[in-house]
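Below, chain A partners chain B and then partners chain C, in two separate complexes.
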Partner chain A sequence: MKSLSQSQLKRLTAVHGWSGTVLGLLLYAVVATGTVAVFAHEIAEWSVGGAKNHAPLAGGLDGKIRPIAERMTKGYLEEIAVWATAKGDLNVFPHAHARNPDSGKIDNYGTLFRLDGTTGAELARNEGFVFTKPEWFEASALEDFLVDLHVQLYVPQPWGLILTGILGLSMMAAGVTGFLMHRHLIRDLFVAARPGHRLVTARDRHVLAASWGLLFAFLLGFTGSFFSFAGTVSLPLISQVAFGGDQKAMRETLFEPAVTPDPRPAALTDLDAVVARSTALAGAPVRFIVVDHYGRADARINLWHMPPQGSLAWVRNVFDGTDGRFLGVKPRVGRQPSAGSALYELIWPLHTGDFAGTLSKAVWVGLGTAMCYVILSGMQLWVRRREDTALWRGFGRAVTTTAYGLPFAMTAAAYGFFLSLPAADPFYWTPMGFVLGALACIAAGVFAGDGDRLAQRFRRLLGAACVVLPVVRMAMGGLGWADAVVQGQGAVLSFDLMFLVLGVLLFRWATRQPHGRAAGGPLPEPAE
Partner chain B sequence: MTERLRRALDARPRLTRWLLAGPGAVAAALLFAMAMPVWLPKGAAGIDNIAFPLVLVPLIWAVVFVYACVEESLLRCTAVMCGTAAVCGLTAAMAFAGWI
Partner chain C sequence: MSILAIVAAVAASSAALAYLAVGDAKRRRVFGLPPLERKAWQTWLAIAGVLAPAVFLLYGGGGAGFVVWCGAVSVAGWALAATPPAQAAAMGRRVTGGMAAAGRILRTMIRAARGTEDTDDRLDRLERRVAALEAALAHHEPAAKPTAPRRRNGAGGKTEMPQPSGQ
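On to the complex of A and B.
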């Protein structure tokens, strides 16, 4: 690669540094919450005390869904969606599409039945624009909050998505500019940081972590900004050109299978037989089912399966609803396999790490944690080079406060969830717990010492919060460890143990002596 | 005229660079993506010309952004980005109007 001139390097350094500084705290929030959200499903299971039924979609569905469908008004049989909650209950949602007066958009409108995943007994029923009410279809307010915090930083649509999209672009820009600035990338992958606590040591660590995580950072920034902008910006603009603005033609070409309408009455085939056959064909469990046009000759059964072994993408099988004929695999985009669809299908698994079970998710969590370190260490480097200015010293306190405050606030959200379970609304108190935790950390950041003393106090605070959390969970009626072992609720045990270990490690870290450098003092050596 | 434009751009280099790398890069990337369905092959399923630009928009932006940061000559950068945006915008407009 042609080496860059001084002026080019100077510009790239400015872009890398300033974009990281101006957007770094928000970017850290997105990456840290995303790291947690990788295990969102497992967090949901842990928070609700485990799933009563780990595979409610595996069988016995026909006897649970058919009675509901048979007594539904025909208007709600346009689609019947079926999926499992974190508790192992079944959500059965016969619905149509109608314009939501609040948003002005076309939304799913129907009756949502929550059934016991094993017996099929009706646990709850709600009617309306169901997906605007997470308390109707989500088992865990904690999971719902943490995912929403990552996707749009809890900012209302569409601004939250645009904000996280911009942060995704900035992560890509930081990665590319960092790569171009770095003269010896391959060599420095294998060179340890210089020892000590000097500025060069901090720079070496930042560069080492960033070099190893470069590809991951670019990939996550790219896929994340795709998710943010695809629906809000890119697809509307591109479809204007490709389909002359015809949204119906766009949906039918890109996303809907070809079906010749046939409203003649016809009974739906045995759903359990279809599920069994689809699972055998896909080689992976089913996670989501949609029955189109129940009770008609043009009925279709769509089943979404997790990625089979050796594959990254989810599989969608389509069956004829009247005779159970397998009609083929429907690609994510288009009506037959193509390079474009293959590319589109890679985006979700590459962003979430959800393609090889716990192992791939664990790798993504590790890389996400490394990214958090890269972002925070980059901002700390910036501050250390400018510590003679009060403004940047203040920013340094903000970095420390945010670095520990965000995980503490997320833990406080969990406290809000558990403490509200017996008698209050967890969908209100979970985000409120986050806000209260964040305010407490901001107050600590303002008043409780500075530099290393502040960091130590935060570590103790976070450590205590982690250690006490499993106790609070069980005290509020959550599943005990003995019962968790008997019932095979691995998620409950794993997360409790993880919090205990994290808490102990944080306490040990907090008791380590800080290095001798006084916070706020100017450094005697040059930056490079 | 070229010389006058160069002097005008070089008189405010930081502002010019900000405009090119900021709103300029966003506009150029979106216009490029909007024009891609016209010239990309449709592929086996007839949708590759839509799926590829849809997925690649952030990558296109990254390329344009980095170019706007790295290009030494502001005149050349302005010419390349404006020229690309103009050609792509015209292509997209003609496709939307049904002329191509």
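On to the complex of A and C.
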């Protein structure tokens, strides 16, 4: 690698360090919540006590959807979306597109039916701009909250998305500047943190984790920014530049299959036969179905499948709605396969790890944890170099408080969810639990002990919260372990055990001797 | 590409990474360990050992396995490198001990399933029996001269029987 001059290195260090310092805590919040959100679907299953039906889209759909469609007015039959909830219920949503007076944007307006995934019995029915009301279409307030926290830090649209987009860019910038700054990347690839508690030890920890995670730091930052900016900047820009501001025309051109309008009435083909054929073609289960123009001769059935074995991208099969003919695989963008579409298809799996089941998700959790470690160790290193200043020592406390406070607040959100389940609104109390947990940690950060003692107290607190959580879940009417085993609810058992193990490990960590430097210990020193 | 193949590929690459970490010159210098004498070809072979499973995954069955491998090796490499040599050695001993114990249990189970025992088993049993008899003898005749130590000769497991105790 080309060696940099001292002044270039100094500038890069300033960019790397100050961008990390200014945005580091928020970046940690996004990455930590994202690490948890990798298992969002499983968290939803765990929180609602498991799915009654693990494959409600696999068959028997026709008899559930057709009666609903037959009694809807024509306007709502523009699209019928069908998907399963974490509980194993079915959401059936006949809808049209209309301008939402609150946001000024085109939104889906229609009637959302929640059906029992097995019997098809109607459980709930709501009408309006459905996707503005998570309690209508989400089974778990906890999943909804955690994903929202990751996607836009619970900041209203579009500012939350813009903020997380900027954070993604800063992650990429930190990766690039760190790469350029580190002159011995390969030579130091196996050098563990040197013994002791010197500055160079902190530097070793940060550099080692960053070196191994460099590729994925860049990848996760890029893909995250892409999603954040797609809805807020890129697509509105494309709509203005290429479609004269007509968002509907843009959506149809980019994301819908080509159809010659034919409003003549025609019966929809057997939906179950189409689902079976599409599943056989894709080699993976259906996750989402949209029937366009139900009851018309130009009806189309779109089926989204999980990535087939060995593949990264989701598959979208399109069938003729009247005779059930397979019309082909629709590229993610446009109507013909293209390099752009292929790249677009990779963004989602590369960002979420949702392409090879639990294995890929577990690896992505590992990567997210490594990223969290890089961010926190970087900020700690920055503080260590300046800890003779009271202001930076205060920032160090803020780093410790955020490092432990955020996971604790997320656990508190889970408490809010479970405790409100029997008698209150989980969609209100889940975020409220997070806020209360965060406030408790901030108070502890301000008033309790010094750096090392503070960290130990946080570990105990978090450990206790983890150990008690499964008990609270079951006490609030959640599924017991024996029933979970009998019903094959792996998510319920796995998450409970994970919390117990995590709690015990945190307790063990907390009982170790604090490794603070003794009075008169070595002062801050250059890392090189 | 099956999950098992991906796990096996990650395990193989991690083993090769562990080999590279153990012999890494700078790591050993930093922790005050003597350098390991390794030939260049051994290091290159280990590097090939890290990458070969990725090639196998890439050409064996789509990109998913390869991407999982990339992520898993990043995490595993970090975990391996971040473990200081002393801790790694202690963990290695625990793993080796655990594997040896598992091997013994497995052997016992296989023998139990077959209903057979091998020469080593018979000799072990015989030695235990002799030791018990000696203990009983020593109990009854406390003034008796100590016996010569028993020892095994070679892999064949031939055992020298104790000498008569001077009666």
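For this structure, a couple of remarks:
Just so it is clear, the second predicted complex is superposed on the first by the 504 of 528 C-alpha atoms of A that agree within 3 Å, B and C clash if a C-alpha of one lies under 4 Å from a C-alpha of the other, contacts with A are read in each partner's own complex, and residues count from 1 in each chain.
We adopt the following convention: a contact is a pair of C-beta atoms (placed from the backbone, for glycine too) under 8 Å apart; a residue touches a chain by one contact, two chains touch by 3 or more.
It should be emphasised that the depicted structure is a prediction, and the values quoted were computed from it without experimental measurement.
Applying the stated clash criterion after superposition on chain A shows that chain B and chain C can sit side by side.
Of the two partner chains, neither chain B nor chain C is touched by A:F417. In the superposed model, A:G244 makes contact with chain B only, not with chain C. Shared-chain residue A:L367: touches chain C; no touch with chain B. Chain centres taken from Cα atoms put the angle at chain A, between chain B and chain C, at 110 degrees to the nearest 10. In the overlay built on the shared chain, the residue A:F216 is in contact with chain C alone; chain B does not reach it. Look at A:L208: by the touch rule set out above, it reaches chain C but stays clear of chain B. Between chain B and chain C, B contacts the larger number of chain A residues.
Contact with chain C, but none with chain B, is seen for A:G353 once the two complexes are overlaid on the shared chain. When the shared chain is aligned, no partner comes close enough to touch A:F113: not chain B, not chain C. Touch criterion met: A:V191 reaches chain C, while chain B stays clear of it.
By the touch criterion stated above, A:G310 is placed in contact with chain C alone, chain B being left untouched.
After superposing the two complexes on their shared chain, the closest approach between C-alpha atoms of chain B and chain C is 19 Å. Of the residues of chain A, not a single one touches chain B in one of the two structures and chain C in the other. Contacts from chain A toward chain B in the complex involve residues 4-5, 7-8, 11-12, 15, 168-169, 172-173, 176-177, 180, 221-222, 225-226, 229-230, 233-235, 237-242, 244-245, 253-254, 331, 333-341, 343-344, 347. Interface residues of chain A, counted against chain C in their complex, comprise 187-195, 205, 208-209, 212-213, 215-216, 307, 309-312, 349-350, 353, 355-357, 359-360, 363-364, 366-367, 369-370. Per the touch definition, chain C reaches chain A in the complex via residues 1-3, 6-7, 20-21, 24, 26-27, 30-31, 61-65, 67-68, 70-72, 74-75, 77-78, 80-85. In the complex of the two chains, the chain B residues touching chain A come out as 17, 21, 30, 33-38, 43-55, 57-59, 61-62, 65-66, 69-70, 72, 92, 95-96, 98.
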